[in-house]
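Next up: some structures, all given as structure tokens.
In the two complexes that follow, chain A is the common piece, with chain B as its partner first and chain C second.
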Partner chain A sequence: MSGRAVSPGGALLRTSRMFSIPKPLPEPPSTNLHIGDHKSATMTRPYPQHQSITSPLASREKGDWGLKRPFPLKSTMATSTPYIRIKQVDTVENVTNFASAADHSLSLEKFQELRVAMSVPFNPDKKSHSASTRSELWHKSVFEEDMDFTEFKGGRGDDRRWKFQGPWLARMTEGEFVEYLNKKVRPKRAHFRALLKQKLADDITTSQNKVALDEGREAPPKVEVRDITEAQFTDYLRALRNDRVTLYALVSKFLDLAPLGQPVGIIHAFWADRDSVAPDSPYGKSGPPPSHPSAGISYLRTNAFMENHPVYGPQGKRAPALARVVYPKTGPMPPKLGVGGFVADAPSGDNEFNPRYGSRMSVNKGVLNGITHLDTTTFGGAKAYVEASTATVDPSGKVVLRLREADPEAQVIARESRGLTEIYNDGPTKSYVPSEQSRQQSTRVSDEARLNRVADEVLGESSRFDKP
Partner chain B sequence: MPPPLPVSAVRGLSIRSFSTSPYRSNQQQNQQQQQGNPGDAANLMMTRLKRDGYATLRNKQAQIEQLRNQKNSADYLRQMPRRWEAGDVYSPHDMSPVEMQKWRKRSPRKADVNFSLIQEFTSTSGQITHSSGTSLRPVNQRKIAKMIRRVQGMGLYPTIHAHPEMIRDNFFPERR
Partner chain C sequence: MNVQSAAVRHGRRALSSPLPRAALRQLSTDLKTTTATATTSNGQSQAWPSPQAAAAPPKIVSSAKKKQKIVEEVIMTLGANSSQEHHGVAWTKPHQKGSQTLTPAQQYAEFLRIQRNTRSLGSDVEKRYVPTEIISNPPRPEDITLELLMASQTHMGHNTSLWNPANSRYIYGVRQGIHIISLETTAAHLRRAARVVEEVAYRGGIILFVGTRKGQMEIVTKASELAGAYHLFTKWTPGAITNRDVILRMQGTRVVDHLDRELDGFDMFKGTARPLMPDLVVCLNPLENYTLLYECGLKNIPTIGVIDTNADPSWVTYTIPANDDSLRSMALVAGVLGRAGEAGQKRRLQDAARGEISWETSPELSRHMRKEVQAAVTKRKEVMGQMQSNIQGFTDEEMKLLRSQYLGEQQQEVSEDDLVNMLGQTVAAEPEASSEQAASSEWTMGVMLGSIEAQLRGVQESAAEIEKAVKGSS
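For the complex of A and B:
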């Protein structure tokens, strides 16, 4: 770093908020086609688009947020969450366009309180070989070295990157695809042909060398690109046309396309033995995420740690979080729970979130209020304890939490920590040590001794401690 | 006068009925003696009947309760038209009625207007023709009047003259 002197005014501007506010992210795509046309313009977006900024109280009292002009005290001082997002530093009306950013700021805070480790998407329908299913018993962190890289290494695990130069073809619309073909693919034809020629020359050289080695001769001179005739190359192209697997591999490597799901059928078997050590990309099914797969929302690598309770000691289960039933079950759609401001599907399986019709279990266990229908009697809506196990970033940039049923013991402890129940026994704990006499009597198994013991149990410790 | 029955048939029937009934009653008496008091079986039946009755009553009450809840829930959910998806982020504002109102399915107000129909029911200066002039029944007059007011309010039809397309011929007669 050469210390090039910057004028004091320049240094001030460079470190100022006005110049350090990053460009806003694009509007999140609307994935739901059904309600695409009528959505709210003021809703909380699935991810923040603007940087959230705050200012210390002393500056805030003066309206100083480090921007061009002081901010109105009436709106910026009357809140307990002093976070704003700047939509425009300066507008033609000579005002700074800003809005509250408390929604995303507090959601981030709540998410970090959940202590969720981000993981790569989990493919439930992948049953190719047993080794991979064993490794998918637990979630794999997005920060593992074998998946968390973006540079093109040319190695085997190359398609497990999360960022590619080329697009993911499956998500493109027809128009986008045609434009991509015309603008990006067609100009690269000559380059690709040259590459193929080089590959053909290399192939011929290796096969010649192999034949020579088998026959014990000297290796023939290396075949150069200029030695390849046009007819030879055309034949090679024709052969390549029929060899789909090789062609697809070459093309996607050349254009650096994001991997698609593994082709099924005959090709599947071929792919499996070709690349059996390195499993395919976790983003093949749903597409690569638009950001780093952690989305920067959590930097934890694992959730395999124990929480310590100050009185009860290390806990087998994590402290559960109170979830709000945002929307009841509608038809086949699972009920939606809100955890820390993030909507998630209710945990599946036989639990209180899934009503089971025509079975005795539903009678015994009971279904949470607000699952089958909206709970209008509970103040603030129905809530339940759940455990957030992990989260993934989906291709549209949403953070999808994966919930798990909370352990009943952990629920009781969580409720006690909020002062709702009392399970901690502060008094002396009872321990019953049978006396010698009673033990001898019990060996004889007389009715009288049994009756005495029953009486002891019924009367409690006072009569029991009188005896010896 | 009824025809006389054959004597043998009548006798046979009577003999059979008399012969079976005492045997059956003996058996029942024996069973009752084995079980206990003579009122026990009746008691048992009554309790079973009552229990079944309670069960069906409870079932019916539960069903009614569930139906009421379903209706109540559907009424409220109609006011909450947003379909949440996994991964959505919400803040308290997103739960408010103001926000929920924005997610409603809006009725499409289409801009396809039948200008000749509008002209039919407006004066040359854009006023709605009185019902005495249109001779429509009141319901249809109201509908037509509403249509004209809406179209004029949306700025699709002029309020002080007929539609320019309709009066073009008055100004450019040579085009015809």
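For the complex of A and C:
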């Protein structure tokens, strides 16, 4: 069952590449109020808004990018990164509005070179929860089946979806919220009441059956919705008003609202009487992501693989990436490192990025140059090797990269692969065995020499006495 | 080396008495196996491992002479191969390949044989799309497909706010802020235009390809080369059609026959003919060539134009709704029309070779030819009249004969020379009839053809003789 019948040309056009260019994403909001004033028109946006387009060389040298008109060779040929983004295929001024898309294309390339697997946001609050402590050991991929779904299955597992029909109330402005109440919520009142009545009838039936079962009687007839009196229902509503947890659950399920981060007390009171452990939404704190949680930047499921070195064999640690200190540590804020075009917090813990005064452990480990103050003497800034462990995409579209301290051995190998050090011995290896023989030989040689000297002395024919 | 050391080195073999034959054979066979396994590391090889040899301490040799002697003695040893055998590089030796041993030459021959037999296997990596192909080898009208049109970007119109509503029937929809021209419409209109070009070429019409945008020079020149047409890739000189008598005054024309061979004898016409107009104009960018299209409209010259969504389709006779900005799209349109013209020209020349001429002589040229013929006829008449008035005393019969010959000549294509010959014969037969007036009038005919003059000069001489005779007699 296909859609409306279209002409052959129409069908062809629908499958064409120009038609498959997605609509541009909205302009990313300014993440920092203070930095917002310094926003530049040419800065790299936190996420790409337009599709990146390229063209083979044979066509590109003729200006043919498959669009309305040939492109100027001056800007599209004199570049080593022939990626463009099309803002408008044709403008009123009869030109194609385009710009270079090398920034995001190369960022993507570099990010994929880091081989980072995307994981669901890590919730540091849920320390007490046993499941979450277990998942702290390894990051959970966004592509796992129990979280990577969008359809409504009916059940508590639905909270772990990343896409919901209803909005995330915490992100709405007051105006949006009022409009949502008036336009979407109010018309559904009658429907919700009918749902509640059904639920009340079911609850009464269940409790009656339970009582009957306990007393050994036969189960009474099922309570229907029509049997419920108005007074009964009003009482139920009043009770529900006070039982906020149940009400919230009912309402959010009815409207399919994105889960909000619930206070710890409530969630424990609520879930204590339930037998099944409620899987909590990983997006409760920050809100559901606007796209798939991987944001399409990486499709790796895991980073649990070993890298193979051509000479040294399988490596326990992955090849580290060189990071630049872009912002020194300021107060409690960790220093910022730039890795592959992404700014990330320096790895926490006792390492060269975290100066700890008065600690015994940090005595032997020096602190990296640009951590306490911005390093202005090193060319290009202070750099250090780090290992990218995982990344998430926050609701504003920013890639949050998590770094780990790089293994010293992996650092040495990385430096050697860049030709900075030489640790590989290409020559024949000599096993050093401190043997008794060699020592004996050396003594014997010296003994011989001494004997010779003695003989010389005895004979009196030493070379020393030849000359005079 | 003394005897003791020899005994140490060669052990039992050096000292024991000669062995019986069987034992010797046994010894020799054993020897072979041991030499294969024995390591001859430093020249002091031991054919027979003996407990004494193993126990002997390494002799420290002090002089070079002694060393040499030891080496000599070792070489003399029958039991072991003391010297290193010379081996070439590994690849120069025969190798075991499967069950047979092959020399390098054989291996190479085998490699060549396998390569020869497997060369045709596997896949060929070919380039499906070569961008220059559309200029060097454009598609024919029957090769137009919707896919080709879409790949050539013919469907991309202009920004929706730039449109001309007259093009709404060609527009399929809006996408990415631009109008999308229906591929089917483009294909149909392009085929129709190709048909027009082909027929005009078949009828021997003059086709003009116009593309004045940057990059279209190559396109229009190639298309016109294919179609045997004319091209314009610079600005159209305004008035080159309507005011062509002035603008194209110095431009020459050619008169050709049905096989496109130039004809002689039309210098008069070439000097006086008006400059030609095209019979069909193909315009790739009507927006910039409004003047040309307007002039064509004034002179009823049919035009084919590529109409983008911002162009006015009423400017041209035959529209091709397509993207006029993309060079690839324009190369496709012009290439298809060029191929169509090529087909028309080919068909015309084929028919002409069979004798079927698909075109008619232009009215100016036929008028000129008729006029020329008329002038020749009147001239001849004049000559005839002159001669008739000169020659007195024709009998009625002779006059009738002359008249019938003259009329017959007009119909039966009797050449002037024949007529003059006949006249000359008649005159020679009646020399006394000619008078002095004839001679005087003869001199006034300056514009007569040379051959006629030559013929008539004889007549004049005979008349002069007659005159002398008459004078002499009188």
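Just a few scattered comments:
One rule holds in what follows: the second predicted complex is superposed on the first by the 374 of 468 C-alpha atoms of A that agree within 3 Å, B and C clash if a C-alpha of one lies under 4 Å from a C-alpha of the other, contacts with A are read in each partner's own complex, and residues count from 1 in each chain.
Methods note: a residue touches a chain if its C-beta (ideal position, glycine included) is under 8 Å from a C-beta of that chain, and two chains touch if they have at least 3 such contacts.
This structure is a prediction, so every number in the text was calculated from the model and none was measured.
Of the two partner chains placed by the overlay, neither chain B nor chain C lies in contact with A:W162. Of the two partner chains, chain C is the only one touched by A:S59; chain B is not. Contacts of A:K68 after superposition: chain C is touched, whereas chain B is not reached.
Of the two partner chains, neither chain B nor chain C is touched by A:F143. In the superposition on chain A, A:T376 makes contact with chain B only, not with chain C. In the superposition on chain A, contact of A:L106 is made with chain B only, not with chain C.
In the superposition on chain A, A:P328 makes contact with chain B only, not with chain C.
Partner contacting the larger number of chain A residues, of chain B and chain C: B.
By the touch criterion defined above, A:Y385 reaches neither chain B nor chain C.
Applying the stated touch rule to the two superposed structures, the chain B and chain C interfaces on chain A have no residue in common. Residues of chain A that touch chain B in their complex: 31-32, 34-35, 38-47, 102-104, 106-107, 326-328, 336, 338, 341-345, 372-374, 376, 394, 396, 398-401. For chain A in complex with chain C, the residues that touch the partner chain are 7-10, 12-13, 16, 18-19, 21, 58-59, 62-64, 66-70, 86, 88-92, 94. Within the complex, the chain B residues that touch chain A are 66, 69-70, 72-74, 76-77, 80, 82-91, 93-94, 99, 102-106. Listed in rising order, the residues of chain C touching chain A in the complex are 130-131, 146-147, 150, 153, 155-159, 161-162, 172, 175-178, 180, 182-184, 187, 215, 323, 325-328.
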